[in-house]
Each structure stands twice: as C-alpha cells, then as structure tokens.
Amino acid sequence: REKTSSEPVRLKVLLLPFLSYAPFFIAQEEGFFAEQQLQIEFVQMSSSAAAIPPLAQGDLDIVAGTLRISTLNAIIREGKIKFVSDKGHIGAGGCTYYGIIARQALVEAGDLKNPSQLKGKKICLASGFATSEGYFVEKLLNRGGVKLNEVEIQEHIPFTAELEAFKKGTIDLTVGGEPKLTRMVESKHGVLWMPVQEIVPDFQFDVIAYGPSILQKNREAGRRFIVAYLKAVRQYHQGKSGRNLGILRKYTNLDTEFLKKICWPSIRIDGSINAKSVLDFQDWSIKKGLLDRPATENQFWDPSFIEDANKILSSVSK
Amino acid sequence: MNSVSNLGLTCQGLCKTYQTKNGLISAIKDVSFCVKEHEFICIVGPSGCGKTTLLKLIAGLLHPTSGQIFFSQDPQDGIPRSALVFQEHGLFPWMTVLDNVAFGLEMRVKDKKERRDLSRPLIEKMGLLAFTNNYPHELSMGMRQRVGIARAFVSKAQILLMDEPLGSLDAQTKLILQEELLKIWKEDQKCVVYITHDIEEAIFLGDRLLVMTARPGHIREEIVIPFDRPRDLSIKELTEFAKMKGHIWRILEEEVRKSCG
Amino acid sequence: MDDLTGKKQRFLGLMREGWFTVFIILLIAIAWEWGVSVGWVSFLFFPPPSVIISTFIKLIANHKLTDNTGITLWRVFLGLILGGIPGLILGLILGWSHRLYRLVNPLIAATHPIPKIAILPLIMIIFGIGESSKVVVIALTAFFPLLINTAAGVQQINPIHFEVAKNYGANLTKIFTRVIFPGSLPLILTGLRLSLNLALLVSIAVELVSAQKGLGAMIWLAWQTLRTEELYVSLVMTALLGVFFNFFLQRIAIHLVPWKTEQRI
Amino acid sequence: MDDLTGKKQRFLGLMREGWFTVFIILLIAIAWEWGVSVGWVSFLFFPPPSVIISTFIKLIANHKLTDNTGITLWRVFLGLILGGIPGLILGLILGWSHRLYRLVNPLIAATHPIPKIAILPLIMIIFGIGESSKVVVIALTAFFPLLINTAAGVQQINPIHFEVAKNYGANLTKIFTRVIFPGSLPLILTGLRLSLNLALLVSIAVELVSAQKGLGAMIWLAWQTLRTEELYVSLVMTALLGVFFNFFLQRIAIHLVPWKTEQRI
Amino acid sequence: MNSVSNLGLTCQGLCKTYQTKNGLISAIKDVSFCVKEHEFICIVGPSGCGKTTLLKLIAGLLHPTSGQIFFSQDPQDGIPRSALVFQEHGLFPWMTVLDNVAFGLEMRVKDKKERRDLSRPLIEKMGLLAFTNNYPHELSMGMRQRVGIARAFVSKAQILLMDEPLGSLDAQTKLILQEELLKIWKEDQKCVVYITHDIEEAIFLGDRLLVMTARPGHIREEIVIPFDRPRDLSIKELTEFAKMKGHIWRILEEEVRKSCG
C-alpha cells in the first residue's frame, strides 16, 4: 500500500443522483476515497452522455454511466478512454432492475401474451433508440419474429408524459429501470411484462470509464479510486441496510420507504465486466449504422485497475 | 347652448395647463369666444401664446383643464366635425401624397379608388400632380404643407381649423391658396378658424379677428373686419386697412414685450 | 448615410457584401483544416471542414438532411403562425392602450422568462406526446419578441399621427390599419426577425430533447454516437437557414417599408 | 393617450394596475385548488397552490430556494454583462454604418439561430466544464436581441439629427454619445428587456442540463425525483424574477428616457 | 479659386438630382453664384424649387450630383464652418432647450458647464428663459424655431445658413430677431445665406438677393440691394423699395405659374 504522498489527489468525477451510483455515495460517505488520499470533486450533468466529450478531453477524469455508442465511438476514433470496472449489469437472479413495461389494459385483455403479438404496437423508448434500450427492444422483437418497421417507435418521452400516454393508450410498451419501473407499476397503468434479464441476461449496461487524464498521466490515482470503489461495492452488497439506505436517501432524494421497495442494480463484487455483451451491443450498433467499425476488447477494457484493487482488498481483508 | 342655431361653436372659459417635469405650464387661460356658422375667424398672437393649444382643444385632441366647448351641429355621418391643418403638417410617412390626401375621405368614402379619384383634383390644385406617388420625406416643406391643406379641404369637414397653413409658402402660392380657401369656404359655408402670424393675411381673409395675449393666452381684443367680400388685393391700400394693421401691430408689440421682459 | 435608393440598388448592395461572410468563413475553414492536420485541434470534436463537407453531401444525397430540415422548417412555420400572430395582434393592442399595457404587462413579464423546455413534460401531459407539444413550445417562444417589439413599435409612433387620425374621425379599425400597423411595421419586422430566429433555435432545442425527426434529432443522434461531423452538418444547415431567413426578411422589408430608404430591419 | 406626466404619476400608475395580475393569479389558483380537490386535476403533476406555497415557504426557510436563486441571478448578471455590452456596442455601430451592417449581417444571421444548448458540449471543451461555459451560453443568448434591437433603434433615428450633428462639426465620439446612443435608447431598453428575460430563461435551461446549483438544477432534480411541487416553486420564483426585472427596467426607463412621456419600454 | 480672398464661398454649376422609386427628381440645376466674405445674401424662390437642397449642399450635408463648392477659409479649430438653421428645426428630442442650444458649442468648448453658461444669454434673448430645462416636445413651433436659431448663433460659425428661420414667428418677434441677427452679423462679420418667402424681409436684410426659378431651380436673377446700413423700417416706404418688391414679385409670379401649370 502506498500512503506516501501527503497531498491528496484531486479527481473530477461525474456524479448523478441516481440509484446506480450507490457505491460512489457510499465511498464518499464512509471516507473510502479520503482513505485513498483522493479528494473527489463531483460534477453533475443532466446525463452521462454529456460527460463523454469532457472525459475524452481530459476535463473530467472519471465518468461512470450507461454503456453508450458515443463512448465506443470515442474509443474507436481516439482510443483515449477505457472501461475499467462494472457499475451495474442485468443480474440473472433476484429482483428486476430493468424491465419491459406494458400497458395494463392491454395485458389484461390478453393482447400481449408473447413477443409475436408486438406487431403493430406502440413502443416508447424514453432514452431514444440509439441506446441500449433500442438494443433490448430489437432483441425482444427478434424473439417474436417481428420486424422493427412493424412496430411504432416513440422516442424521448418524459416519464410524466409516458404515464399520461399509458392512461390514454397512446403507448403500449416502454422500457425502464428503477425507479421508473416501480412508479409505473404503482400507477396501475403499467405492468412489468418482461424483465430485461430474460432478453439479454448479464448485459453490461453500466460501466466506469477512465479518460486520458488518468490513463496517460495518473494511473496511480485511478488504481486508488477503484480500491475505494470496490470497497464501497462490498458494503453495497450488504444490501438494504440502515446505513446504506441512509446514504442513498441523502444522495438520491428518494424516500426510505420507496428505496426499500425498489430493486437495486447488481454490481459484481470484483468489478469485472461482461465484455462479450459489450461486443454484442457494439455489433448491433454497427448493424444499425450507428457505429462505423468495432473496437476490440483490448481497446475498450482495461482490467489492470480492478486486478490491482482486488489484490489490495483481499490482502486487507485477510 | 347647443341649440343656438347661428353659432358654429362656442368656447367658454377654456383653460389648458400642461404638466411637465419642470412644473405646470399654463398655455391658455379663460378663453371664451364664439364662432358663428359660416364665419371666418382669424387668430393672431405672440409665439407660444397657446394658439395651437386652442385649436387642438377645439378639434377634441386635447381635453381642457377647465371650460367647455359647444358645437351647434352634431357631426354628420362620415364627415369629420373638424379638419385641422397641423402646423407640423402631420403627414403619414408611410403613405404617398395621394393616400395622405385620400385619408381625409377615409371615413366618408368606402371605395379606395373613389377616394383617390376625389383626391387627385385637389392635388393638382396644390401643384403637386408630379408628386402624387411620392412619399412625404421626398417633398419640400412647402409641398408637405400643401398636402396637409389638400387633406383638410378634401374632407369637407364642417369646421376648418388651420394652424398657420401657408407659413412655409412663397407669397404667390400663398395667394393662390388663399383664393382656393375662400372659394371652398364660400361654396360649403363652413366655419373657419385660421391662425396666422401675418396680420395682413388675417385682415384680408377674416370676418373677425381675435388678438391673443402672451402666455397664458386669452383673447385680448376682438376686431370685426368691415371690408366687403369678395375682397380684392387693393384693399391693402386703404387707410382703414393700414389703421387696423397698425392697431393690431401695437397690441401685439405690447404683448410680445410682456412675454420677453 | 448614402443616397442610394431604388429597390435594385439596395438588393445589389445586399448581395455585393456577401463576399465578406464567405471570406471570413473560408479563412476559418482553412485555419481549421490546417489545425486538425497538424494535430492542434481534436479531430474527434472538431473534424476538419473537408470531412464536414463530404458528410454534408452524403447526407443530402441520402435525403436525411433534407428530410429532417423540412420537418424542422414545418415546425418553425407552425410555431411562428401560432405564436407570432397572437404576439403581433396583442403587441399592437398593448402598444396602443396604456391601460391595457399596464394591466397585462406583469403577466407577460412573469411568463416570458419561464423556460419552456423545462415545462415540456407538463406541456406534453396537456397536449399529448405528439407534434402539438413541440409546436406549442415553439409558438410560446416566438410569441414574446414579436409582442414586445410590436408594442415598442407602436409606442414610438409620433403622437401627431394619432391626432391626425382622430381629427379625421378615424374609428378603431382605421386607426389600427392606417396608423398603428404601418407605423410600427419597421419594428414589427425587427421583432419578426428575432421571433423567427428564436423559433428555429427552439425548434432544434425541442427536437433535441423530444423528437425523432428534425435537425435537433439529428444533432441528438450525432451526440449520442459522437459522430461530430454530423453535428456540424446540422449546425451548418441551421446557419444556412438563418442566412436565408434573414435575406427573406430583408426582401420583405424592402417591399413593405418603401417609405424608409434605410430600412434594413 | 392621456396627458399624465411626472415620474410620480407614472410610478403610481404602474403599481395601481398590479391588482389585475394578482386577481388573475388568484382566480387561477382557486380554480386549480378546487380542480385538484375534486380530482379533475392530477395531484402528481399539478399539485394544488396550497402545497406549492407551503413548499415555497419551506424552501425559503432552509435557504435552498434563496441560495439557488442567487446563483442563477449571478449567472444572469455575468451573462448579461458579457453578452449585452458587446451586443449594445456592436448594435450602435451596425445601426450607424450601412456598409458594416451589410458586411456583418450575414454572419449574425448565421449564428443567431444556432441553439447554444446543442453545442454546450463543444463550448465545454473550449471553456471547460466549469462556470465559464454556462456564462458563455447565457452571454451568447443575451447578445442577439440587444444587438438587433439597438441596430434597429439607431436606424429609426430621424436622419435630420445626424445632419444637425454633422453640420455642427460633431466628430464620431460626439455623434455616438449625443445622437446615436440617446436616440436609440428607447429601443435599447426594449432590447435589454428581451435580453434580460432570455438570459434568465437560458440560464435556467443551461442549469437544467449541466449544473448542480441554481433554479434550473432545482427544476431538474424536481423532475428526477418527481417532486412536482418543487418544480412549481422554481417556476414561481422565475416568474417573480421576471416581474421584478420588468419593474426594474420600467423604473430605469422613466429615468433614462425623460423626453418620452409615453415610454414604457 | 480657393485663394480669392474676398470670396466667402463659391458655388459652381451645382446640380442635385434625387433618386426615388418614382424616378429621378431634379431639384436644382446649374446653380452658380458666389458670396463674398461678410456678405448677407437672401434667396427667394417658389416653394419646392430647391432652396433647402442648395443650403444643404453648401453645409456639406448632401453631395452635389455635379458641380462644386469652394470655401475661401478652412474651418477653424472647433468652430463649425457653417451653421444651418433647419426649416424643420432639427432639435434633439432627448435634450433640453439648454442642451440643444449648447450643442452649438459642443465642438469648441470642452467644459459642459461653460457651454451651458455661454448658451443661457442667447436663450434669454430668444425669450425662452422660462423653458431652459424643457424638452422640445413641450414647446410651441415658434419656440422650437427660436431654439434652433439660438443654437446657430451660439456656434459662431463662419457661414450662417438660414432656411426660413423666422417663418413661424409673429411679426414682432420676427423684428426683434432680425435685429439680433444683424447685430451678430455685424459683430462677427460672418457671411449669411438667408432663405425666406417674405420679399420685404429679403430686401430689408440682404446685401444681395438671388431669385430662383421653379424646379429644377437655378438662379434667375441677382439683385443688388442699394440701401445703406443700418437700415430702418422706414425704407419700406421708399418707392425704390416698392419698385424692387414689385419686380421680384412679378418674377416669382411667373415662376410659380410655370410650376403649377
């Protein structure tokens, strides 16, 4: 362990007040970052999409967020960004964090028993088609043998309008993670029709990405960050403990009761990612004309940080 | 009051006070006079004594601070009660000469073409035929003034209010237009209130002449002009004319001195 | 202040000086191209003009750019009609009546700065997830500049023109059509310019967050996939639209305000 | 057109008619409250005024609202200074010189409709992810209305005033300070009104997509957590700021344009 | 040419053509004349014959379509070469009376207070002391005209160009200001170009008188006025005066008839 330098390293990290950033909140609250001589400056943006350009530019050091085509393209074009850890994937067992939600009236009427009945339905992709949501839905349609042009896709609908549209029947199906999922179901207008793990099990939907400022200039800081992060993941794995609930409540502004109710995303305790699912998502993007050429696993995935961190953490726990 | 049939308009104790950041400006004070129907009244007075204010009050463009104005006739359909020839001309910069003149008919004649057709003869009389389709900013000051006169003439209003209408015109054009004015006045038997700085013009044109004091203006003297109509330029050679002129001159001199001292 | 008049000269004048813009743009383009080739400028975020141009041509060829531009223009048009006409009419009325102005002004002041994009979800609840919500946002945006400039335009009319109209017994309709409207026309056109540009701007901003078609949606996709060259193509298209709008308004001004030789909006 | 003059009367006049706004707002509030209680209006998306007011008070008490408002106002102020002053100066110059106007106008027309929010990531690459990028966007937005209205204001100055100045040998400085600036002041104030409101609007829109603090950030968080009452509190605050700005500008106008009795911006 | 020392200004073959949507308007055509230093020139001519155009050409506010203007002296530092009293007054609406007048000194006197102090006496002479801090829209037309005159007087320009400067004033005020003008002219020995419609005024004031033709205006006749200075109102009774007046009158009559017919 190196605790030689007395000056803490300052890192600029994207932080959104979302459930999936739980380990970040924990590491901050429990002092894991400080322990690693890191002083984290959290930067907030409307979504992780907006953070990719500053990450590639070196204005942001670390961006954790959804697996995005823009990140892959930045990697392909400039190679200055790498994924370094898991931050959430579609866990095989347990609760459903991400799911396909259907209009209740439709399900009750028995119009939606299997994917082949999706033909002609109106599907809402709140984040847009050129995201993992599009990937999920197309896989789902493939399963039912329905072509993309046989359904009606609506993009970029805010949650409130979605709810209203469900009520009015102008939308039949939508894709969503927590807390939208629970809210939809609680509204009685939507039901969880199919968990995403049934479509793309083990899909790597969230990653931590490092930019050139760490990869090229300060790998040591990156290593320490992952140590603190994985330590927080271990605490996160204790589940909905009072302490964890308290921290999440503080950062997400959600009620404790609600936090207890909803599903928390799965994060691998060793930080490893499912690179195969990334490659598959990448293939889909290329097929859809959203990406020009593929990146190899070596290009986007740098396992050295979690490997080092796991060594350090296991030596400590012993 | 309204029913005294041979009175065109009656002003009673008119006062007008303007409010400015530098305090109140009393423009006219206790102005009372009446104009008979078909009468031609001239008003003279020192600069800034409230002549324009008085005319705007009669035209209904300003509200008197106190006092009242009565008209013997209700305005007829479409014909404006009074037509004011403004000292600043008041032409619409966005209309051509033709349309500016035709505006005098806007209320009375529905058809645009007809309005224009009725306006053209007057434009010709004003010597502006070549400028029919020009905009006011392309005219000389005297030409603009003539457009304003044409607009008032074409409207056939019951009361013609003229505020130094011939001030920017050369002596000859002035004569021609004076004649035109007298003709129109005689034909339609309107009443005319005519402000001028030219004492000779006032005596030559008017039935009666009101001399105003310095600001705050009120009527200092009322002079009936005894010359028969139609008048001729030769009356200017009469001793009575010269005496009258001298008399008015002296009153005004006194008033001007008052306002400057 | 030159003495040039006549539509033709003014039109030629407009064109003649276009070379300056072209020159500036060429200069920037050359510096940019060079900067990228030397590596001083990031290729990822500032792809060189040559790449942008070839992408532009490609996107024209596959109709993507033209289709999306058409959709955006249609939204701008609808928004301008729905927001601009009420803005114009209300502006004329408020410019004319001091009392009404004082009554309504606080309401205008209160609603003007509210960011319409921020309440887009609410608008979508009321107007549905379809086209109308977007048009409502554009209309609300186009409404204000035209309203405020029209009112200012009426207020700067020389009071003597109202006096003349009143003196000749003009009724309300005549006052509006003969004095208030033509008298404020120069400033209405300035307001229209602001409204039109803002409508285009907001159109794209709305598409950015809520549409699948249109220039804004193209920009969204460009960011989503980090194909910055497509972003620049959309921006260039927007700029071209701006230049076109402006040119169009200039031409309108020359016809509508012939009494002002110097009118250039 | 009433004859009222004097600062005092005009000031009182401004106030007197405020009741109308209050009345309208009260009316809407009562209908709304009732609508929610009867269940016609969704509580989730349209929480009743009573809830909004109590939230308002709560957020004032814990300084959240005041702090965020202060931050937004500071951004508006900086943006207005950085964008408004160049806009004003350029507007005066372009209004004065036809040649320069023709040269620069296409560039203005091309850049005006580009949605600054869409290129925020690019601006962030150039100006960093900190405060300056946000201020740049606000400044770019505030720039245009002031520029265009100022230029229009100069163009509507009666040419005779330029002739007089020239005749008395006025040099360029004198022409700008004695003719061009005071002559266009009424329209500059109109432009300032548009710029100020737009700056506030865009400030919030920028905060919505990229800030942790400020009214826009509050609105974003309110949407994320679906606390619509907090959304409405932010909107009410924005509206209040708008009314305040407007009132402030009116007062300025009364002092700066004493020669126009009717000036109400 | 520039060096002929006793010539104040020389106009040579001046032409001015305006462009409008309705085609060209030829305002003046081949106007040539010279004004000696210290000379008082009056110009009369029919309305719209191009007098204002001529004055604006001399003031350098318009460029002649062809022809040239020479000045014997280069403008002195700070003192404008010429001061024009505009027919439309041309007051700045955003300045008070005091500041409007003080604008005449803007170039010469740096200090604002001094400019104002120098302006006040002239405002008083114009009888506008009570309106020192008022804005132009609060004045009557005649008062505005006087402010414009004060501004020109205060500037001490080498050449005074006056475009019907006393047109909106009553006869008495006119007399007072004529005297003032003559005094200033004698003191500073400027040259004055004075446009008027009042033939008597022209003969009374001028050393020489130019009579213009109808549009397109050129100089039809040049009349030297033989009366000695200082002149007295009594010269108006002289037969020579009457003869001269009659002569000019007839020329103008002819010209006006030409332009109307």
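Think of it as A, B, C, D and E in the order they're written, each chain with its own count starting at 1.
Definition applied: contacts are C-beta pairs under 8 Å (C-beta built on N, C-alpha and C of every residue); 3 or more make two chains touch, one makes a residue touch a chain.
Note that this is a predicted model, so its numbers are computed, not measured.
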Shortest contact path, chain D to chain E, counted in steps: 1
Proportion of interface numbers common to chain C and chain D (over half same, under half different): same
Inter-chain centre distance, chain A versus chain E - centres from mean C-alpha coordinates, in Å: 84
Centroid distance [mean C-alpha coordinates] between chain E and chain B, Å: 27
Intercentroid distance (Cα basis), chain D paired with chain B, Å: 48
Inter-chain centre distance, chain C versus chain D - centres from mean C-alpha coordinates, in Å: 18
Set of chain A residues in contact with two or more other chains: 53, 57, 158-160
Multi-chain contact sites of chain D, meaning residues that touch two or more partners: 45, 121-122, 125, 208, 223, 258
Per-residue multi-chain contacts in chain B, two or more chains: 18, 20-21, 88, 135
Residue numbers on chain E that touch chain D, as the complex places them: 56, 59-61, 75, 78-84, 86, 88, 90, 92-95, 103-104, 106-107, 135-137, 151, 155
Complex interface listing, chain B residues touching chain E: 18, 20-22, 25, 44-48, 50-52, 87-88, 127, 133-135, 138-143, 146, 164, 167-174, 176, 197-199, 249, 252-253, 255-257, 259-260
Residue ranges of chain C in contact with chain B within the complex: 160-161, 163-171, 174, 178-179, 182-183, 185, 257-261
Complex interface listing, chain A residues touching chain C: 49, 52-53, 56-57, 68-71, 73-74, 77-78, 128-131, 153-162, 164-165, 168, 170-171, 285, 290-291
Complex interface listing, chain C residues touching chain A: 42-45, 120-122, 124-125, 128-130, 133, 209-212, 217, 220-221, 223-227
